[in-house]
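These notes open a run of structures that come right after.
Shared between the two complexes below is subunit A, which has subunit B as its partner in the first and subunit C in the second.
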Partner chain A sequence: MLSALLVMAAIAGVLGAVLGFAAIKFHTEGNPLVDKIDAILPQTQCGQCGFPGCKPYATAIASGEVTINKCPPGGEEGIQKLADLLGVDPIPFGSDTQTKPKSVAIIDENTCIGCTLCIQACPVDAIVGAAKQMHTVIAAECTGCELCIAPCPVDCISMEVIEEKITNWKWKYPVYALTSIEPASTAGAAQ
Partner chain B sequence: MKKLYHFHGGIHPPSNKAQSTQLDIARTPLPSKLIVPLHQHAGETAKPVVHAGEHVLKGQLIGMPDGFVSSAVHAPTSGSISAIDMQLIAHPSGLPNLCATLIPDGKDEWVERKPIANYRSHSTAELQQLLRMAGVVGLGGAAFPSDIKLRTGKQKITTLILNGAECEPYITCDDMLMRERAAEVVQGAEMLRFMLDADHVLYGVEDNKPEAISALQQAITASVPILQQNKRHEVVAIPTIYPGGSAKQLIRVLTGLEVPSGKLPTEIGVQCFNVATACSVYRALAHGEPLLSRIVTITGNVRQARNYEALIGTPIGELVELSCTLPDTNGYIMGGPMMGFSLPAVHVPMVKATNCIIAASEHLFPPPPPVMPCIRCTRCVEVCPADLQPQDLYWFAQSREFGRAQAFSLFDCIECGACSYVCPSHIPLVQFYRFAKSEIRAREHDKQLADQARERHEYHEQRIEREKQEKSEKLKAKEKAAQTAKLACSQPLTSQQQAEQAGLEASRAHIRELAQSSVEHAKD
Partner chain C sequence: MTEYLLILVSAVFVNNIVMVKILGLCPFMGVSKKLEAAIGMGAATTFVLTLASGSSYLINHYLLGPELSYLTTLSFIVVIAGIVQFTEMVVQKTSPMLYQVLGIYLPLITTNCAVLGIPLLNVQAKHNFMESIFFGMGGALGFTMVLVLFAAMRERMEGADVPVIFKGSAIAMVTAGLMSLSFMGFSGLIK
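This part shows the complex of A and B:
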């Protein structure tokens, strides 16, 4: 009887030590799910989801506070990826959200008065300039979040859709006519 | 006799090469204008260094290499630059790109050339820089800057392979080059061997080009004095099978080595150059001539198919007219029928990668039969030279499962088109692979941008936080200073301070008195 108790106590002690060790050794800082969700989000930091940036939205999704269809820049594909990650059904965008083509902000340098309001609004520090000096957008760093447009007192910032060039051109999905079994029957296009 | 190896699969399409090898290489007359694209090579577009209206000489630099993977672009003849603007170029997208338009003055006047007397006395880095500034790029089709391929780092290169296989139907530009300029090819190959410090050189030529093989052999025997002893040059006739001219497949046939997936041939001690590239390396170093022209095959639906040495930038329309296109021509293909693409327009200029122009007609290239569903017959698997599972790749690409396509080694596909050629359902398989590849690349690019934006946003937040903290600290310090000042006021003064204050008061009263008296003085 006593030996059985001792054995059980010893096993409990060993397992406890193992668990205690594992808790220290494999300790994870923060919620790893947040980082996984954040990796899927497009990082435009535009706030269209109602949160101040992509990370806060990712945190909110991880805690189940919001639905996964609040990120228009991520597109339908982003929703699909989030749904796959979280094991939930994809939800379509609401009727009021509309996805736009990728674009960059352009400052009309003739109108800019150098007020620095857009510089303060830019979430990725992609606008350079100083007080009473002309400002300009670093196009390569601009995420197209449109946050700089509202604060501009002279409305000199506009969004320009990124054009298709040789450098960013993609092969299109092949489209070909389906076989018509008989010449008279209608032949649709694949896809 | 060297032992040869096999690669998996391959096909035997009709070669159609005899038409264009009847006549020798002809020089084209000077075209009415030259449109020189500044992006003719893989990598970054060259930066224009001339402006519209400027007069340039033949061989003068007009595009400066910009970035690590980039190459120079030169004026192919003397004349005046009429414009530097966006023009339609030979690209499957049909989109315009930056080009310099040159109106020849007919004098064909050279800029000063700086040939190198003895390249062996120069360092490899110097020679690489010369090739970069001479705009030498791979002439096999990919137009990859040659100087980059010579930067092998610490990797020891044992074998240099000269690619003269020219496996694709219709194309004969390398064949004719080897027949007529074998000596230049061999000297260029020796220069490349010297720069790579390779142990030996193998020339891989398909056995349907006996004239080229014997010309190369003769050239090697003739140039023994200039070759380094114990560094063997050998011409190897390889079996004619498509795509035997693809670099990885050629390496496999000649050495039995397989280039690992996602790795470069240099990692197994082999480097591969096209024979025409070797020729232009020779011209660049020994004669100081940058790459201004290349040999291009004009064939297909023409009266007299032939190879021409044409200036880079020649409008393709003017080029094909030399061979008299037949009236039922309905389009032009750049490259071969297997891997080439239809030109968006006939007025686009030829570039360094233009090895062949095929005039197409309904008779030569009938419209493809209707596409039927994949029946998983695996005929594509049998012919795939990269040992892939094309039917699975097709399935993943058409359903946009890009992750799985990548897991099935989509990026090892060389887009040779052997699978599409044998497909009994006539599925345009390669188009699907190209679509999937460019989608994956675009996604990776977007991911990179997103990571960059995340990092910048985090820095931004940190900065805002830091500024806030600094501000509050400053405020605190100010408050503290004000408080200590107040405290100092309320404390009783020491005798010294009292004396100082009394002195100050006395001087103030004196100044006041003086001011008063001067005012009164003025009134009087």
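This part shows the complex of A and C:
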């Protein structure tokens, strides 16, 4: 009886010591999964997913709170990458998230009063200007997130769709819409 | 050397842990929906099972002995849980990529009855240390093989024209039964 107790206590003690040691030795900072998801997200910090930035959205995906189809700037390709990383099936954008054509913000420079509010709102520092000086958008840096439109007190910012020209045209990613097929027609097609 | 090879072959084919001994059915049915997941689960189980059969031999031989044999099951469960926990910590630190793949399946192994079954079968068959390790590894390889084969079949069954009442788990059960029958063909391979 006593030896049984001693043996079990010894096993528990040794395992406890090993696990305690491992917890200190192999301690990992943060969640590596969040960093991996964050690396896939486009880092526009646009907030179209309903979270205040890409990192909070990555954290929410990692904890399984939200689906992976809430990031329009990432596009179908981003969903595919997230699905591969997480081992889930890719899902199309929901009806509440729409993919918009790629566009840039344009500041009407005659109306701008130089309030700097849009500079503070821009997540990628694509707006240059100073207080009481006219602001302007660096088109190459603008991600088209539309975050600068709301703070502008004189509504001088508008979105302009980038038209496809010979200089910026590139092959589209192949997108195949999957549709379910009735069992009967599957059997017919297999023959 | 031949005897170890025989133990390996016998554990993989003739006495396959899932198809012949009918152990470890929960991961067999649960984790066989996707091929990637099945491979991950197989790899994790192989690692844990090889380690567990070695250490449980040591515990049974040196700590328990014949007079404390009633503690076998209890102490094995404690040791397996400890090893799984330790493995999870080490993998998370050393290889986040592997941790990503195995992720949720690692803790599941604690409750996999094949992992407890093989150390107990080792005790029953009076295997020595090396034989225990080879039997554990063989059993785990057999488990992995069957899991991967079954996952491949289930992926194809998704698109097959299965009668409505057999869809899902029902046809999977029937397939598992047929697979088990076919594994009976290996009996008598090793005299």
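By our rule, the second predicted complex is superposed on the first by the 138 of 191 C-alpha atoms of A that agree within 3 Å, B and C clash if a C-alpha of one lies under 4 Å from a C-alpha of the other, contacts with A are read in each partner's own complex, and residues count from 1 in each chain.
In the analysis below, a residue touches a chain if its C-beta (ideal position, glycine included) is under 8 Å from a C-beta of that chain, and two chains touch if they have at least 3 such contacts.
All figures in this text were calculated on a predicted structure; none of them were measured in a lab.
Student: Kindly classify A:28 by the partners it touches after superposition: subunit B alone (first), subunit C alone (second), both, or neither?
Tutor: After superposing on A, A:28 lies in contact with subunit C but is clear of subunit B.
Student: Could you say whether A:15 touches subunit B, subunit C, both of them, or neither, answering first, second, both or neither?
Tutor: Once the two structures are laid over each other on A, A:15 reaches subunit C alone.
Student: Pick one for A:50: touches subunit B only (first), subunit C only (second), both, or neither.
Tutor: neither
Student: Of the two partner chains, subunit B (first) and subunit C (second), which one does A:114 touch, if any: first, second, both, or neither?
Tutor: In the superposition, A:114 contacts neither subunit B nor subunit C.
Student: Of the two partners subunit B and subunit C, indicate the one touching more residues belonging to subunit A.
Tutor: Partner with more touched residues of subunit A: B.
Student: If we overlay the two complexes on their shared chain A, which of subunit B and subunit C does A:3 touch? Say first, second, both or neither.
Tutor: second
Student: Report for A:166: first if it touches subunit B alone, second if subunit C alone, otherwise both or neither.
Tutor: A:166: touches subunit B, not subunit C.
Student: Per the contact definition in the header, classify A:143: touching subunit B only (first), subunit C only (second), both, or neither.
Tutor: In the superposed model, A:143 contacts subunit B only, not subunit C.
Student: If you lay the two complexes on top of each other, which residues of subunit A touch subunit B in one and subunit C in the other?
Tutor: 187, 190
Student: For the complex, which residues does subunit C have touching subunit A?
Tutor: By the definition above, subunit C touches subunit A via 34, 36-37, 59, 63-64, 67-68, 70-71, 74-75, 78-79, 82, 85-86, 89-90, 92-94, 96, 99-101, 159, 161, 164.
Student: Could you please specify the touching residues of subunit A with respect to subunit C in the complex?
Tutor: My answer: residues 3-4, 7-8, 10-12, 15, 18-19, 22-23, 25-28, 32-33, 36, 85, 87, 183, 186-187, 190.
Student: What does subunit B use to touch subunit A in their complex?
Tutor: These residues of subunit B touch subunit A: 39, 89, 91-93, 95, 97, 370-372, 428, 431-432, 434-435, 437-439, 442, 445-446, 449-454, 456-457, 459-461, 463.
Student: Under the touch definition given earlier, write down the residues of subunit A that touch subunit B in their complex.
Tutor: Its residues touching subunit B are 38, 41-45, 53-54, 122-126, 141, 143, 164-166, 168-174, 176-180, 187, 190.
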